[in-house]
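A, B, C, D, E and F label the chains in the order they appear, each numbered from 1.
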């Protein structure tokens, strides 16, 4: 299930904080990944989850320094991620070795991927920061993934940062972190959240002039009317 | 791959500590589950892993109190576990809700399962302790699993207690905890470990008489000869 | 708000696990304290919360070995707890010093208190275990509370083990742990849970005979009818 | 108890590290909040604590997206904070949901508050960083506070970052973190610390010329005399 | 520095909780090890610290299954511990591999050691529990120490369970845990604590009769007089 | 054992990530410190370990604000560190007080030290960042070290960030973190890693042009030949 171009574009202009509120209204309480931060401030992320699952490594199967691109699920996955997809890695929150590095991030960027999200660590973190590519991780660690991680399969449902991620779920990231939008509600949430963010931005500017939050945040009917009037003056649709 | 009856029986008479040493000799450093303890002291466990994987719950898919036996992978798995198998649950180490309870443990016991191992919590812990059934967990929590866990698939490779578990791996538990033996080395390890444990038991009794560890632990050639002589006197094969 | 004698009695015969399920049906997901365990196995707890709040200690206010019974809120609280009340201490999960000891537990027992619950540690743990008194804690620590804790007030809403506790909430503990029942639903929950536990116990015994969970757990209409028939035979009211 | 204008001003020119040393000399060992960091580097904080206390949320009382300004203690508190006060939130160190967001920070800034300190998370972290306002938190999380936090009362003694905070205590923050000065010693500490910082700055510059720490750090009588001479040359009072 | 026989004997009859209070009166706040528990309930420990220090293992120096008794500091230490000494191991709180096992515990017991204390794990935990020997640890783990630990030296000052331990410090353990008494105050503390424990035991029995804590705990002059009278009747020295 | 000037220089141009891979090829899996980050981005570190060991503080030995340069091992160590050495502090991962501050860092810089690494916290963190000096720590904390740390000895083997550090080991740091190279393999690793990094950099640039990782990362014979040709064109030695 893909978003309309309008919804996809709007998600680039909303905050992850605001998205959690719209999702909470639909009953989803746990949508913001815990402990997952952007490597590159100011680079927003919108895309569809392509999932990759790691389990603990075992010496007979892992520990290599050079990986086999034809059999290793991590490598196969990297060459399968498509335009606008986000590689989301379930690294069990384990940050004592990396889950991906600079060259594979470069490859994903060149494939048109929207970004990378892991609840483990990334390595070559300083070099990755220099790419024009949205990357989010729980830490940085120099050690290659095979010391602790065994990539086992991809495009299965996973957990990442304590949140369920289904293949195809919509992933949005900003400087605050990463939110997972279940695919079946993503179109609706994108539109509602865009409207919410416009309203909240207007409220914030009003509060910045020195008025009290009472009647304004949340807005009462009078404030809502004032907002609708302002919106109309901007030649925009009402909330 | 199943063990010979002799090897299967021997694994009931070795310690998990001793197994980790034999596995270390084969290069496996990480075979003992972290933080997973027996609910019932004195009840040993030997069986083949039947794996079950949980990911974080989501409100539209989980939160039920009564589960559907025909669609819920946890329930389907329980009715698929066979004689001598151990249900091993990847609960991501999450102990803030249960991963299984009393009635399902009872059902598994009746199906002939060897036991249950989870790196999450069990609920109805006091009642489960009364069953004549080997159960190992990282904690106890009254809350039903659907609040935090979504059972997603079974008989796939998982992590449990920080150790890789492949379906069919040999799981051994004692009062110290749980060790995972990769299936391809389990037969060999069972025999070697039985011999190691007999030797170490003999050494311990010798040390208990007051001799120094020097030349005895580890045994030098003279001590080994003495052990072999003792073994022969017992009418047993040498190590 | 106090329970009827019937409800109060029933709560002595239900499990905390079962209570979390009834509370979940009412929308309460977070009712079981995390990391709080019984000191004395087999001693159940039912009572009304009397709350006590600790904050971090400061050298000018705390660090005493002998406390002043007239000014110290911990001491004042101990002499205010009434029959059937449970002293519930918010110790911020801090277990690096005690939050209460043997003599105060003895005093509370003599006052008719139902028990003590803390998400901190108790000291004199071995002696407290010998009292015929329900005590639950997150740990044991020899050091007196004043090194880390400043008792600041009582009978205010607190958190304990990650769960909200309002004065007067109903506290139930068994060997699995402690559940908090909001006072306004406690009467209803007590009755429903007693019925649930009877049904689940009957189901467990049925499963123990070797039948499948399908149609039985959860029970379909046929199984429910069979249960009602059995209940009627016992001369009891139906669920 | 308010500081003199001179002391208040001096606190803007001392480091939190230096303050902990002066407080240690008075016997206070635990005055620096653990895990609480500035959102905006280079923005120092001096003010009087206005405390706000959160406990775990419960579904019947919380979970709203829009808060009621007339009954919600968080909202009431925000409209009560006065000039030069710091809103200090006891969020139990819980960073899995926010404890405050952009609009309320804006309102506090407009009310003349000195800043916000929480041992929980803030949301809209990127937007808050753009305000000219001192904010300190233990993390960032997109999710609104009502999912995990119930604001229960304000202007009561609390813990924040593992340190006791009484209403009116003096809060000082710099890029290293936040220190709490008990109100009764704040005037004295402000003056002493200012002198200490001047001395330490002079010592550091001396060490930077390549001399040994011996006799200089800590200063012996000769070095102290040299410092006093330097101070006198600057036309300043001696330490 | 060794204790008098009287003091040594008295330490077998006091609680670790009580010892922390006497040490707190002397200014020592941090004397009780964190997270270190007895393997064998009811077996008290009194002895002089013989310290052993571990650091993280490295593959070229460790990873053996059979240790060399002539060069390995762990093994050398075991054969140097004398009568009434306690082997105290600084394992950095690392419980993901063992720090000692059954055979070495047996050897230490035979050498007359008072016990073993580690802030790491022990292996062969079920067998160690069967020894008539006081052992305290932070966990149990099957894996041999060489996977994570490198024994580096002994009889140097260490930390264990977050407490400084100097060689020769007096170590006391009971079911609650382990306290470290600096050697220079151990004689004094032993006597004072014995008197404290007798008084507190008398107070507890008095409270158990139903009297209030007021005037009794802590005791006012009247209560102290009553205690002294009771003591005199027992034919004992006063406190 | 000191490196050749060539090897020492090369280590300034390799990444810590790459070093872990060369060390892994030699069998060393655990060489990258956990949780230790640079205070000053972009300042690389190469030097020989000068170790300093801390244990938990005790009130009779520590708690001073002014340290004695003639007896305190921390102070003695600072005046012993030589040109190109790195002061590496074992602070047990304890970040609730500092392990070093601004003035001592200044002194070390003036002595020609290559840098400071601690798995504890630094204080005066904002001022230290302004020095042209490589510093790495696990956190920042205003409180002086004597509240929690007792410096006990130096130039002994220690653990730091979970990695063994022997005096003289080669310490390399970049923005990702810190790696420890055992001294006996440092010369070999420096050369190999420099070659690896050149190759990987060339591969990354190739991938950045849009080619697949297949046959390129890891390189097959054809790609290796292409790289050697390129290298030869640069007038450099082959890998």
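We adopt the following convention: a contact is a pair of C-beta atoms (placed from the backbone, for glycine too) under 8 Å apart; a residue touches a chain by one contact, two chains touch by 3 or more.
Protein names from UniProt, one per chain: A, B, C, D, E, F = Putative 4-hydroxy-4-methyl-2-oxoglutarate aldolase.
On a predicted model such as this, the values are computed, not experimentally measured, just so you know.
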Which chains lie in contact with each of chain A and chain D? F
Going by average Cα coordinates, which chain is farthest removed from chain B? D
If you average the Cα atoms per chain, which one ends up farthest from chain E? A
Between chain C and chain D, centroid-to-centroid distance (C-alpha), Å: 37
Distance between chain centroids, defined by C-alpha means - chain A, chain E (Å): 50
Can you give the whole-Å distance between the Cα centres of chain A and chain F? 32
Chain-centre distance (mean CA atoms) for chain A and chain C, in whole Å, is 40
On chain E, where are the residues touching two or more other chains? 29
Spell out all pairs of chains that touch, sorted by label. A-B, A-D, A-F, B-C, B-E, C-D, C-E, D-F, E-F
How about chain F: which of its residues touch chain E in the complex? 27-30, 55-61, 90, 92, 150, 152-153, 156-159, 162-164, 182
Chain E residues within the chain C interface of the complex: 15-17, 19-21, 24-25, 29, 31-32, 34, 174-177, 179, 200, 203-204, 207-210, 212-215, 217-218
List of chain B residues in touch with chain C within their complex: 63, 65-67, 69-70, 75, 78-79, 96, 98, 101-104, 106-107, 110, 123-127, 140-144, 147
